[in-house]
């Protein structure tokens, strides 16, 4: 699927990739690191553990993907219990003011490299909730989304194909949202603060 | 070496008691001088029989000074004199009765005549009644009086029966006659035992002790609780070892009485939550044990147990009465932590308590060890087991009390809730000195008990069944 | 003294243990998937997972978190180094049952330590559940083994295995006991229905809640080696070990795959149910078995 | 230098220490430390050939290998604890009398271990009892010292009875002679054995007698609890060793019914010890207070020692000796660490603590070694002893005790992890942020103790050889064997160094992988997975109470033995009340009535 | 006969002590008891048909037909002691009356 023909708003905001020139003769440490990175990318791509943050209705499609009809485990994908163990954060639906804080919290608890996959139109522009007072319309202002899966809700086939796309992206080293988040951290933080504001009372009962 | 007549120990205090009436101002001096002179006299006594009025025995009154009497007298007079150092304003009114009491107690130990014993018993009781009235609990004292009167009546009744049967009042003669034909004397012996049981605080008869000693001050407590009880027990030791001959049945019945006393006394002490109550009930229990030993043919052990308990009880009653008076009560809660600011008192009280409970390093342990060993030698296992159970209970309540008095009150940080100031300096230091000296003596005898043990053996060499006394001493190990 | 060669064998044993067991767990996943009418991952999926994990950058909760993990892996490797397999006995004469059990317990303890150090109460809850279950299944298991040791007069695992080659398998002598041992083994492997301590939704995978990246990877390695040790122990003690390596591996796989098939078709028990089950059925059966065994083979004099 | 002068000088130092500490309170701890360290040096250098010294009446000393082992153990405990409590600022510790009681207890224990006859042993035993009672009494509670004293007195009176029974029957108090004579004339042998072992069990806290341990360990001054738990409670094991060596049950009950080769009586007592293990473990799991937890674990560990002693095989006796040392070292460490914690935080309740490892890492490491040794995991000393005991249990075929031992060691994982997790791991309370690492003195003592635990656990051959020597000196026909670095068991060998080697190799491999992999990011303890929930209060985020609730629920109705003792006490109270009501009324008429009733009864009895 | 009579007097006294709570009644009972005892002891020495142990011109030397004089002298002492005891008891009675306003011990005990 050619990317260029899609409207730009469906793209996550991305930083330009740096292309590095290959050194000439001997294997420099950089080159070795690159080779190592390539091997690592193979493993990463084929062992994707995900954390589903079920913010909306799209989550209902996941059981289908996991079970015998589509069986995502054959791709090496598994649901995981905690963000520490997971590689992918699945945002299955819209992000509201309350869930966004938790999304950010969870995302920041994940170990790198990590990827964000957003489901449905709500994460892109708010979808049918675009004018709701508590729904944030663009997820990629706050978190670096690597892949959107279209459909309201996306059918399991779409989800599967989205995952395969993600694998492809990771294997080719293009899923670099997490690096982007690290590099433009201030920018993300500013957006996040603008959206959810600052919390003044810090205890368990006020959030 | 001087050889003094033992009658001095009786006569001197009596004379002083009556001359004192003329010199009220220096009453204290009479007391102290009298008791010190008595110690002096006792130190120069020689063993032997002393006839009164020149009648040959078995007629007339004789005074019997043997090892038993000599060392009893020594301990008695030392303890008594120590108590006299404590004289207060209040005690000055009691000078005469104290001196009379001393005379009567000396007489009780010395006399070799059964009726004379009765006379001294009555004098001692009346003196004690007057002394006891100083604590202002008159109905308790009345109780004491009634019990004492019934007791002496029974004693005299028993004595009358014996006189009718054997026709003599002399102890030695009585023993000879009784040993020759003991039948028919049992009722009299029982009556005499009951008469004395009132005085030695055996259990069904000892309600007076609770009333009197519960409220005893530092003067009455040691006097009635320790000295009187001890001397009476020494008298019982003499009568029921040297004089009376009992058959097995009587012995068994009386032993049962003492056993009930032992068990009941320990239980009552365990239940008590006041220092003096604990002491008095444990005293009752110990009286039971001592009487048990005396009745069952262990007089030497009984004798040394009496002396050791007497000393320990003396120290404890002294301190308990003193503390109760200073603190205004003697329940454990009120006195919690009292020893923190009074470590000297605490030390003496603790030593006496541990000795009483029979813990090593102290004299009481040696006594208990020998006691149990001799019981075991005669292949009796139940009695030692019972005594050990009793001493388990005794150890627990004793330590509970002592630890309570050492422990700081809850939530207390530094400083003290209870502070013994000592109303007069003389009294304070007197209590200090007496309790320290006596408790150090308990330690000393605990570390080197051999002389004390051999004296006991000399005093009561072979027991009534002719079994030799086997002693475990620190120095020489086991010996006959 | 121990020759370098035998240390080499021991290390080889540990490496083999990991390789084989990791592969087998892939097969296990495949089989589970097939039972559930899925295709399942490739058989070497677990290797991919481990290497991926080792390449991730994770978080640490302090040095105890790290140390505990190292103890866990070291305990597992150390245990595997002693494990005899068929005729191969890495450290001849020292493959003592109690030693292996306690060294394995050190690994478990290290894991618990690391989990506790994460500061997550869910981890502590998980560890508590695990240790509670541990009492349940270790107790009958070890009692049965002690009975065996008493019978065979040796506590050397290879010795017991060798004697069984001659005298017949222990399973014939104590059928009930082997049933109990198998239940215990099933629990030790953390298979359903006894994986309460790992319950992903209830306590978020319990002890492992804070482990990610290389920590999870190392834990995985330790777990696979521990599984190897447990199953090898079972095979050696109850199923007569193996005369040849093939026989041994055959038994090994049979036991493991039986356990995974059972795990695939069962639901998870709640923690109280697990505890009560363990204190009723296996312990009761053990007592029965010990009595029977004593009557038949031991005898009271 | 001889034993008598050692003990006498310790006593005198104690008295001198009291007066010096009265003048300058800070010197008291130094004196206690210096005296116990000097004693350690003397005993260590003198070896078991140290002369007993001149006889002073009954007080005669004779140093045996067993006594030397015990002496070394207790001096080690006392001296390290002395070093550790130097910096203590506690109120109780600064009492002048503490120094005296501490040294008295030490001296008396040394007297027990080298006593030549039973009477001397008993005298020193009792001195140790009362001095430690008063030392416990310096602490914070009412119950601890009294129940300690009560139970100890029960034990020592049992012992006194046995001693006097032997003495009166055989006319000797010499330890060995009395027991071996008893063996030849088995009249009171059974009674002597039961009573002697009973007194040991009281001290070790075996089941029906364990009730003193929790209150005493909790309420003792924090500086004294290590000495009490690690040192003084081991007095009981000493007499148990003597009695079971010289008066073995098989000797006087040879022909009786046997279970698995053990006389029925031994088997019964072993079962009692097993019950103690199970019960102690269960109770330890249930406790909310760290000191109580350790107290119940001590009760459980006493069971191992008694089992080892009673089985009487060379391996089991050696195992009991090693376990004794292991447990002494471990509990001393654990209680010293708890003392540090209580001193700084004022509590030993586990749910009020947490995360301390981040404030006191070195202390934590010492505690970890102790706990690992308590659980019996390699490479600690506790493993060696458990291995020895389990080996001999297995070879004897004692399945029930073996099950108890297994239960004890697996169950101990539960409470050991609990105390580690709730006190040292988990969330650090904000009010504990300012906690300090232990002072150098404490660290030194902890280093000595845990170094010994680990060093002997890795290299136990020397220790095992010495236990073999002890066994030989106790007259056992066969002793535990060592070959090179490994211990030769009946059906298996143990080479602790090899285990350590394998473990280290594993550690190297693990470390290599660990450090090769990408470095991790260090995060705060509060940054944990919470399912997206925000948390701010570490207090609420620490799992400390009712730790093993699902397990505890199974035995929540377990009857408590302390109720029996409470019932006994209240029975005595009731009896006392009755006596007071009946016989101590202030009414003269009541007295008169009693006098007449008793007189009538007595005369009636006489006439009949 | 006389013995029994005097003994019954003694028992009467004891009966009074057991049953009465009034202090004065108890003191009277004590005295009755003592009197009984004294009588009993006197009867011990009495022998039918013998003469008083008084040396007189009528009976200058013979001691064989005297009654036993010792019990009588004992009783003399005993009476003196009894008087002392009664005096102390009465003193107590006065004190108790001053303290409590009544002499009934049961009431006093109840009030305490």
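Odds and ends about this structure:
Think of it as A, B, C, D and E in the order they're written, each chain with its own count starting at 1.
Basically, contacts are C-beta pairs under 8 Å (C-beta built on N, C-alpha and C of every residue); 3 or more make two chains touch, one makes a residue touch a chain.
Here the structure is a predicted model, which is why all the values come from computation and not from measurement.
Of all chains, the one whose mean C-alpha position sits at the greatest distance from that of chain D is E. Among the chains, the centre nearest to the mean of all shown protein C-alpha atoms is found for D. The greatest centre-to-centre distance from chain C, using averaged C-alpha positions, is reached by E.
Separating the centre of chain A from that of chain C, both taken as means of CA atoms, is a distance of 37 Å.
Our note on geometry: chain A versus chain E, Cα centroid distance of 116 Å, whole angstroms.
Taking each chain's centre as the mean of its C-alpha atoms, chain B lies 29 Å from chain E. The mean-CA centres of chain C and chain E are about 97 angstrom from one another, to the nearest whole unit. Across the assembly, chain D contributes 527, 529, 586-588, 592 as residues in contact with two or more other chains.
Touching of two or more other chains is recorded for residues 14, 17, 26, 105, 109 of chain E. With touch defined as above, residues shared between interfaces to two or more other chains in chain B number as follows: 139, 142, 145-146, 150. By the definition given earlier, chain contacts exist for A-C, A-D, B-D, B-E, C-D, D-E.
Interface of chain D with chain C (complex): residues 258-261, 355, 357-358, 361, 364, 368, 372, 375-378, 383, 386-387, 390-391, 393-397, 399, 402-403, 406-407, 409-411, 413-414, 416-418, 420-422, 425-427, 484, 486, 489, 491-495, 498-499, 501-507, 509-511, 513-514, 516-523, 525-529, 531, 541-543, 547-548, 550-551, 553-554. Residues of chain B that touch chain D in their complex: 139-140, 142-143, 145-147, 150-151, 154, 186-187, 190-191, 194, 198, 203-208, 210-211, 249-250, 253-254, 257, 263-272, 281, 343, 354, 359-361, 365, 369, 372-373, 376-377, 379, 381, 384-385, 388-389, 391-393, 395-396, 399-400, 403-404, 406-407, 413-414, 450, 472-478.
Chain B makes touch with chain E in their complex at residues 115, 118-119, 122-123, 125-126, 129-130, 133, 138-139, 141-142, 145-146, 149-150, 152-153, 156-157, 160, 163-164, 169. For chain D in complex with chain B, the touching residues are 57-59, 91, 97, 119, 122-124, 126-127, 129-130, 133-134, 137, 142, 145-146, 149-150, 153-154, 157, 160-161, 164-165, 167-168, 171, 173, 569, 572-577, 579-580, 583-588, 590-592, 594-595, 597-599, 602-603, 605-607. Note for the complex: chain D touches chain A at residues 527, 529, 532-537, 540.
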